[in-house]
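Next up, some structures in structure tokens.
In the two complexes that follow, chain A is the common piece, with chain B as its partner first and chain C second.
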Partner chain A sequence: MSKAIETRGLTKTYGVTPAVKNLNLEVEKGSIFGFLGPNGAGKTTTIKMLLGLLIPTEGTATILGLDTKKDHLKLRQKIGYVPETASLYPYLTVQEHLDLIKSLHKTWNETLINRYLDIFNLPKKQKADQLSKGMQTQLALLLALGHQPELLILDEPTAGLDPIMRREFLQTIISEATQNNQTVFLSSHVLSEVERIADTIGIIKHGELVLTRPVDELKTEEKKIRVVFQGDAPKHILNHPGVIKVEQEKRSYLLTVNSNLEEILVAIEKTKPFAVDILDLNLEEIFFEYTKTEGRLLR
Partner chain B sequence: MNTRLIYKEYKDLRFKFWLSFAILIATALIIPITFGYLADLFVDLLGDQALLHDLFIQFTNYPLYLFGNWYAKNLYQMGTLIALFFGMGLIANETTRKTSSLIFTQPLKRSTIYLYKFGTAAGLLILMLLFSTLILYPTTAMVGEQMPGLDFLAPLPMTAAGLLIILALTGLFSVLFDDSIKAGAISALILAIIAIPGWIPKEPIYKLSIFYHMKGISIFLNGEFPWLVFFIFLAITALLLIITTKILDQKDF
Partner chain C sequence: MWFKINPASGIPIYLQIGQQIKTAVASGALQPGDQLPSVRELALELTINPNTAAKAYQELEREGIITTIRGKGTFIANQETPLNSKANLELLNHNIDRLIIDALNMRLDLQELKELIDKRLTDWQKNLNREGQT
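This part shows the complex of A and B:
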């Protein structure tokens, strides 16, 4: 599978403060990529660099095989973007927004737009500032979908939406993405929704990518092992490849593992521990493990 | 040409446009109408027509009165304020409204988007100048004064060219500053500095002020159109536009 997004050493610095540091990111074509990170981690900065709204301090980015600097006009025909806050002109109506964006693109799927105008029940003659927050987000999505982009970039698009609206919004994205083989790059704080729709996850922390992995692999490989050793914890286990974090409470150790689970379990069994428990992690727990600062991060 | 983009820019400016247009038209109506009243008032005050001619010549000469009150006073002054109001939000409004992430992610160069914005604002500005000046003709006919000839329109390109510089300058600050008020204030400050040579009654110093040329005085007095100054004004506007689009291309949104 070829790459929809590929960044090499992508960096953005404001003065001396780095917002994104040496980001090497790969997103497969046709995938739904969940881009996660705490507030201020660099998610929006990354997205804005991909879109050409921010100029990278260093590094390169290619989208759908095109350089984001040299081929940005070609690229924009292929990208749809929904920002966190719907960027709409308060003085333009729904129809005027659609007409404006349509006039800027070579392709425009009128049937798709009309279908979703009906589904969302969007009033064509209403001005954007008279629409509810949910309707504004729906309009922003239509503006991003109308030219049938190959890549849809969504920056926390469901922020502030109620659960019903959120579900409807995501359903639209999944349905369109799967029908048209679109790639979706979704940044969100709502981990449950990312877990539901994404097939790959990337976690960014302090501007650095700390994890990229398919969701299936995450669920099978990312575990916590609670173990009580007979004596001191053997160092070869604590430092075993795949153990990414060790937390200790008296003689009980909590190991966070992201690979080599079988090998680590065999090594633990050999020490004849008092107790061993394997704990499954959901995405929220995985996110928390990678983004919290407590504990000893070994790798 | 993308008419949808022009329409969007018009809608963005429409309140400023209609308000400014109404003020300019009201001024164009008031100037001819008040001529007779003011002339009579001064005669009453001075008690002598000859004295009026000596002290306030414009009240005994309608073409001079019309030129003095329109081109040499109201049109360029109001036009300057309108150009400031139009220019200060050209890009800054996109930033504060966060619509920059919609418009600047479309398949159109930033410079093209800016030129549409500038072009629409400039077009509306010129429309206002032309129509409000044309209003002077029927109003003059209405009050029964001497109708100005077509040559009365001759200073209009100079006023417009000066206003284009002001619009382009304010547009530049609208790119540099995300706050439109700040962009407008800085532009106003720079314009005040530019106006200083015009306050010094010494040739050629006062001729260094763009405002002097925007009044079209040499056209009225000598009937000569200052082509060189006109083209210099256009060149300054073009230079400002080039600088602005270069900065805009490098701007982070």
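This part shows the complex of A and C:
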């Protein structure tokens, strides 16, 4: 079993509104998976189902080989979770939080906790409601890391952190949650950080998975080609497998390509075009490409 | 060694790291036997996925640029000149390719480019000869 997360037809419907539709998600063990999507796309609903906090309307989710419905108590020991807003007890101190969560787990790495209390400069005796937003997030991360989970699930954890804290947060994840084949499942709107640390990304839109692909492959295969042909655009190029969109402005064509890039370029070169330009796409541009909705300002 | 990566570039991060190490070796900034940071250190320094750092090193090791000695670390390969010139050759070819692409974009044909290069080479040769004499 080399999958950390595997869902089959995972669906959640609220009343008649589907929040997540027929989701088939696979996350390799030992990878960092970036889970992206616009607000309201179903990211948090998905995460809650993975954690066993929400019962799916249909379908199954298997985490580290265990079923989220039947084994969710066993899974609690293996998963670390940092929610969107740190769910802390306002009247408990940093130390009291650590003691409380420690008591819920079979294993607890005191050395790790002390090291990061130090690095983050977290005041042990301060009550949670007196901590800054950034410190609350740092504490939530420590509470999720103390039992050294096999899978760390993060739901937009760095929202509201300053750039220094954000970098520190990511470095902590890199050094403490990626060793020994640990897996990280990260939902985030900060695409530049996902681009940095994810092996694979998945994009969800209106509750459906519209793309999953290794980041390196995205980088080398998803491109736009701007081309001016000598005459009319040859049909065999516009219809070439891998060309997913054709836009035209006067004599200039803009092809959006998601595979077979080399083949397409060779075919274009053979027509002796007036000009060819390959445009790299970063994750943000790819994200827009896959999540664009008709009738909105963005184009 | 200072790495500078651009996560938003169209070039995968592991290739960016590889290219920078190759350039450093070709230019002599990194010498055979020089130690590179461990995968973990590199991942932390650049805040990237350790898998990406490992992939960069695997590629370089496959190409003979670096070697990993178990328990000791990763080093620039103790290479004879052929290997060294292989890295150099790659760098040169890369630059020549870019030149060719520029020329093609300017609607120059390859013969015209060749003539241009020949002329430049002759000029350079003259200059070098003159310097040699003084």
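Throughout what follows, the second predicted complex is superposed on the first by the 279 of 299 C-alpha atoms of A that agree within 3 Å, B and C clash if a C-alpha of one lies under 4 Å from a C-alpha of the other, contacts with A are read in each partner's own complex, and residues count from 1 in each chain.
As a convention for this text, a contact is a pair of C-beta atoms (placed from the backbone, for glycine too) under 8 Å apart; a residue touches a chain by one contact, two chains touch by 3 or more.
Here the structure is a predicted model, which means the values were calculated and not measured.
After alignment on the shared chain A, the placement of chain B and chain C results in a side-by-side fit free of clashes.
By the document's definition of touching, neither partner reaches A:P123: not chain B, not chain C. The vertex angle at chain A, taken between the C-alpha centres of chain B and chain C once both structures are aligned on chain A, is 150 degrees to the nearest 10. Of the two partner chains, chain B is the only one touched by A:Y89; chain C is not. In the superposition on chain A, contact of A:S175 is made with chain C only, not with chain B. In the overlay built on the shared chain, the residue A:L283 is in contact with chain C alone; chain B does not reach it.
Contact with neither chain B nor chain C is seen for A:P234 once the two complexes are overlaid on the shared chain.
When the shared chain is aligned, no partner comes close enough to touch A:P38: not chain B, not chain C.
The overlay of the two complexes leaves chain B and chain C separated by a minimum Cα distance of 26 Å. Of all residues in chain A, only 30-32, 167, 170-171, 174-175, 178, 192, 195-199, 215-216, 219-220, 223, 274-276, 280-284 touch chain C in the complex they form. Within the complex, the chain A residues that touch chain B are 48, 51-55, 73-74, 76-77, 79, 81, 83, 85, 87-92, 96, 99-106, 140, 143. Listed in rising order, the residues of chain B touching chain A in the complex are 2-5, 7-8, 11-12, 14, 97-102, 104-109, 250, 252-253. Every residue of chain C that touches chain A in the complex is listed here, in rising order: 7-14, 40, 43-44, 46-52, 55, 105, 107.
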